[in-house]
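The following pair of complexes shares a single chain, subunit A, combined with subunit B in the former and subunit C in the latter.
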Partner chain A sequence: MRFDFSPYLVIARSTFREIIRERLLYGILLVATLVTASSFFMATISFDQSSRVLENVGLASIQLFTVFIMIFVTTNSVYKDLERRVLYLLFPKPISRSEYVIGKYFGLLMVLATTLLILGGMYILALIGFDRTIITPVFSVLCYTFLEVGLVIGIAQLFASFTAPLNASLYTIGLYIIGHALPTLKQFAERNSGAATQHLLDVCYYILPNFEKFDFKPAALYRLPVPGQQVFWAIFYGVIYICVVVYLTILVMRKREV
Partner chain B sequence: MKLLHTHQWQSIGVTILVLISIACSQAVYDTSAQSYEAAKKDASIKLAEPAIPSVDTLKILSAGNISALADYYWISTIQYFGAGNPYQDYPSLGKLLQTITDLDPKFEAPYEFGLITLPFMHQADTAVSLGLKAQDQFPNNGLLTYYLATVYHLNLKDYTNAAFYYQKASKQDGAPSAALTLAGTALDKVDKSTSDRLVAAAFWESVYENAKTDDQKDIAKSWYQQMQIVYSLEVAAREYQVKFGHFPPTLQEMVTTGFVSAIPDSPVKRKMLYDPTTGKIDTSVPIDQ
Partner chain C sequence: MSSIPLSVEDVHKQFGPVKAVRGISFEVKSGEVMGIIGPNGAGKTTTIKMILGLLQPDKGKISLFGSTIADEAVRQRIGYMPESPTFYNHLTGREILTFVGELFRLDKKEIKKRSNELIELVGLNKAADRPLREYSKGMLQRIDLAQALINEPDLLFLDEPMDGLDPIGRIRMKEIILSIKERGASIVFNSHILSDVEAISDRILVIDQGKMLKYGTVKQLVPANKTLEDVFISLVEANDAL
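Coming up: the complex of A and B.
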């Protein structure tokens, strides 16, 4: 039995085209480019730490702006589909809600890839004239950023499926910050809090998305070899979590009247 | 013919009076507000000190970009130091460097910068704290160990630790060649106790054995002999004290009474400054001074 990819591809392509036409997206991309470019200036005033600052600040800018852009486009895209009753037209056709959610997700991934290509590509091109030795580590970090933001998109899509875009954006940003802060919070609780708080944070640590798993920037910065096993489990964790949030989104969409 | 009418003179007079009273009130204000202006200036300088949240807060707010945040604070530190401080003490410098190294312990430059500059800002303890942290993060960095040794040596006058870290630095990569020599010098200053003389002598013996050039061997041999001479003289002074109830008034007295055969010349050209109250010999002053 052949698996029919066409509904997913149709939704994905349609999502991609719709988002790429957004003018606001290009405005944000321009700001992101300028902020990333400022890392070159910051490198010159860093007192002999130019390579390090260039790599750190440039990658941080790309990562944070990509997260911001994708949260914004994801929540707005889902909201528009719901608000304009586009789904009324889609679901009577032979497109199930799961096909819509998965297709939408892949469309957003295509937008993410495009964003990273633009921001990361310009950054790497600029590095060619500045410091070529950091290009390979930068490229590897961008790959992990793709996985990390892929999970952020899934979470944003889940929140957008049942709440307004502003709320969905805030929840996603909050979860993103918490997801990065989990190891720090856990250590803080172990040093300063009682057993109940520590247990609660342990539960949160294992259940909430831990974005630190995709953070290989220190390894890239200090040229440390990363064990293959660690890379495998980070990717495995990301893919599993994405599947979970996409599945939850499908469940929400099934319950939702559109 | 009158130049001006009376009312015009009156107007000019009033204007001059008003101007004088304005100038006087300004002068009185300036005199009375001196302490207020000084306090305002002091407060604005203190307000200009960077606000540094706790490291845990920064880690949470960084959203995974801890190294980039460390870089931001590094650039801020350079701007803070470069902008100048009227009291020349940069009170926040130590905290800034501690924050950067807590955020990114592998960031080498703040350790080096702190070990060099903080002692001059009366923050030698913070410099030592940074240096000890660097020992864990960079176990083979001879330069950082050397700088730590110099802080102990020059600022804290802790010669035992200075000698330890000089010696450690001499075995690590990147240490200046003076590390080994300075280790011995620091040991020489260690509180003049006799057993430390033997430790210093043993140290110079090992330096001699490991020296790669003839010059280094000559230096090590000279210091070894110096330590042996001082040790022998101090032991003789103690024996004199046991017999006569007091330390000899001069070193020559020990020759006269037969406790030593002669007072040798210093192989490292140092004065033998003898203290008759303690029986100790200070060899820190060169002969030509």
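Coming up: the complex of A and C.
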């Protein structure tokens, strides 16, 4: 039997079109662009390490804005479908709830790709006139950002499927912050805590998403080589975690009455 | 698949302490129009939502063409026009029809042909390429009907189809419903406008407080010297007095 991609594509395309036509998104993108552009100003007034300042501030603002834009966009888009009863239109049609969830996720990934293309693209274009040597590391960091925010979108979609958008956003942001702090917390617990706390943190370390696995920024900034194996495991970890989170969202949506 | 498009047997639904639907049973035959009437909160929309799988019944059996709503082949034959529709507001009327046509896996040529016919049918030629957020309530109601018809359904559900329409719109809606019936499709609809229900229904189901008060053909329900409105009021008042 041939696998039919069309329902996923139909949902993904309409999700993408609906979000991309929101005027609010352009406002946020404009602010994000201005903040990123300010890194060029900071670089010109810095003492000697202008390229490093440019990379650090520019990439950090792109990453942070992309995370926040996508959390906002995801939770609001799912909320609109659920609360404004768009699902009345969808679910009596010949598509399954899993096709809806996966299609929606792909649509959100398309929005993420567009956001990164706009923010990262403008940044890279500006770099051409400033310091061409940092373009390659910046590009690789943007690729890891795509994977990292892809996981953030999955988590936001899961939370938004059973709670209000504000709660879903806060839970996702909380998990994102914890996910970045996990290795540090684990190290701290190993040195200073008792066996019970260490055990608890071990469990959290392996269950919660470890966003530090996607953070190749320091390596890129200091031109350190990243072993291929490490990149492979980061991608593998990200993809597996995304699959689990999307599957959980499907389970929630299957149980949900609309 | 069975030739009976819809069979509902002793269906119940409770929301917390509220018994929204209490043992409703009915059947819809091919080419039949069935009107569901009842006061606000009677359980009309809940019944339709259970049939369509949007809500799960606590008890009872719902059969569509001899199968269930979980069957994709069944959903391929169904059209649904929800009450107070909400769409992707940034899409245009034509884009929504294309989107729905694609969900039914119709080919591009067919979608284009059907969209043009339906836009013409519901009288939205001038507004078809405008985003839905600019539509009035009546226009949304019309595009809602158009999307429900894109797959030429064998069984069509219309939730308050006359709601928000002006008198001309209502007449047009009745004509459209009758033309769908002529094609051989079955239609289930609910409405508060009893004269419309009486005019176009073959069978009528009267429900109140989730209970089935009466079910039968218009002739069986409405004596010659009375209107459906008279019958409806006396049935609801008698039920309230219980």
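A few comments on the model shown:
Simple rule for what comes next: the second predicted complex is superposed on the first by the 258 of 258 C-alpha atoms of A that agree within 3 Å, B and C clash if a C-alpha of one lies under 4 Å from a C-alpha of the other, contacts with A are read in each partner's own complex, and residues count from 1 in each chain.
As a convention for this text, a residue touches a chain if its C-beta (ideal position, glycine included) is under 8 Å from a C-beta of that chain, and two chains touch if they have at least 3 such contacts.
What you see is a predicted model, and the numbers here were worked out from it, not measured in a lab.
Contacts of A:121 after superposition on the shared chain: neither subunit B nor subunit C is touched. In the superposed model, A:60 makes contact with subunit B only, not with subunit C. Of the two partner chains, subunit B is the only one touched by A:188; subunit C is not. Of the two partner chains placed around the shared chain by superposition, neither subunit B nor subunit C is touched by A:174.
In the superposition on chain A, A:6 makes contact with subunit C only, while subunit B stays out of contact range.
Using the contact criterion defined above for the overlaid structures, shared-chain residue A:212 touches subunit B, although it does not reach subunit C.
Contacts of A:21 after superposition: subunit C is touched, whereas subunit B is not reached. Touch criterion met: A:96 reaches subunit C, while subunit B stays clear of it. Of the two partner chains, subunit B is the only one that A:221 touches; subunit C does not reach it.
Shared contact residues on subunit A (touching subunit B in one structure, subunit C in the other): none found.
Residues 56, 59-68, 70-72, 74-75, 78-79, 104, 106-107, 109 of subunit B are the ones touching subunit A in the complex.
Against subunit A, the residues of subunit C that register as touching in their complex are 52-56, 69, 72-73, 75-76, 78, 80, 82, 84-91, 95, 99-100, 102-105, 131, 147, 157.
Across the complex, subunit C is touched by residues 4, 6-7, 10, 14, 17-18, 21-22, 84-96, 257-258 of subunit A. Partner subunit B is touched in their complex by these residues of subunit A: 42, 45-49, 52-53, 56-57, 59-60, 63-64, 67, 176-177, 180-181, 184-185, 188, 211-212, 215, 217-218, 221-222.
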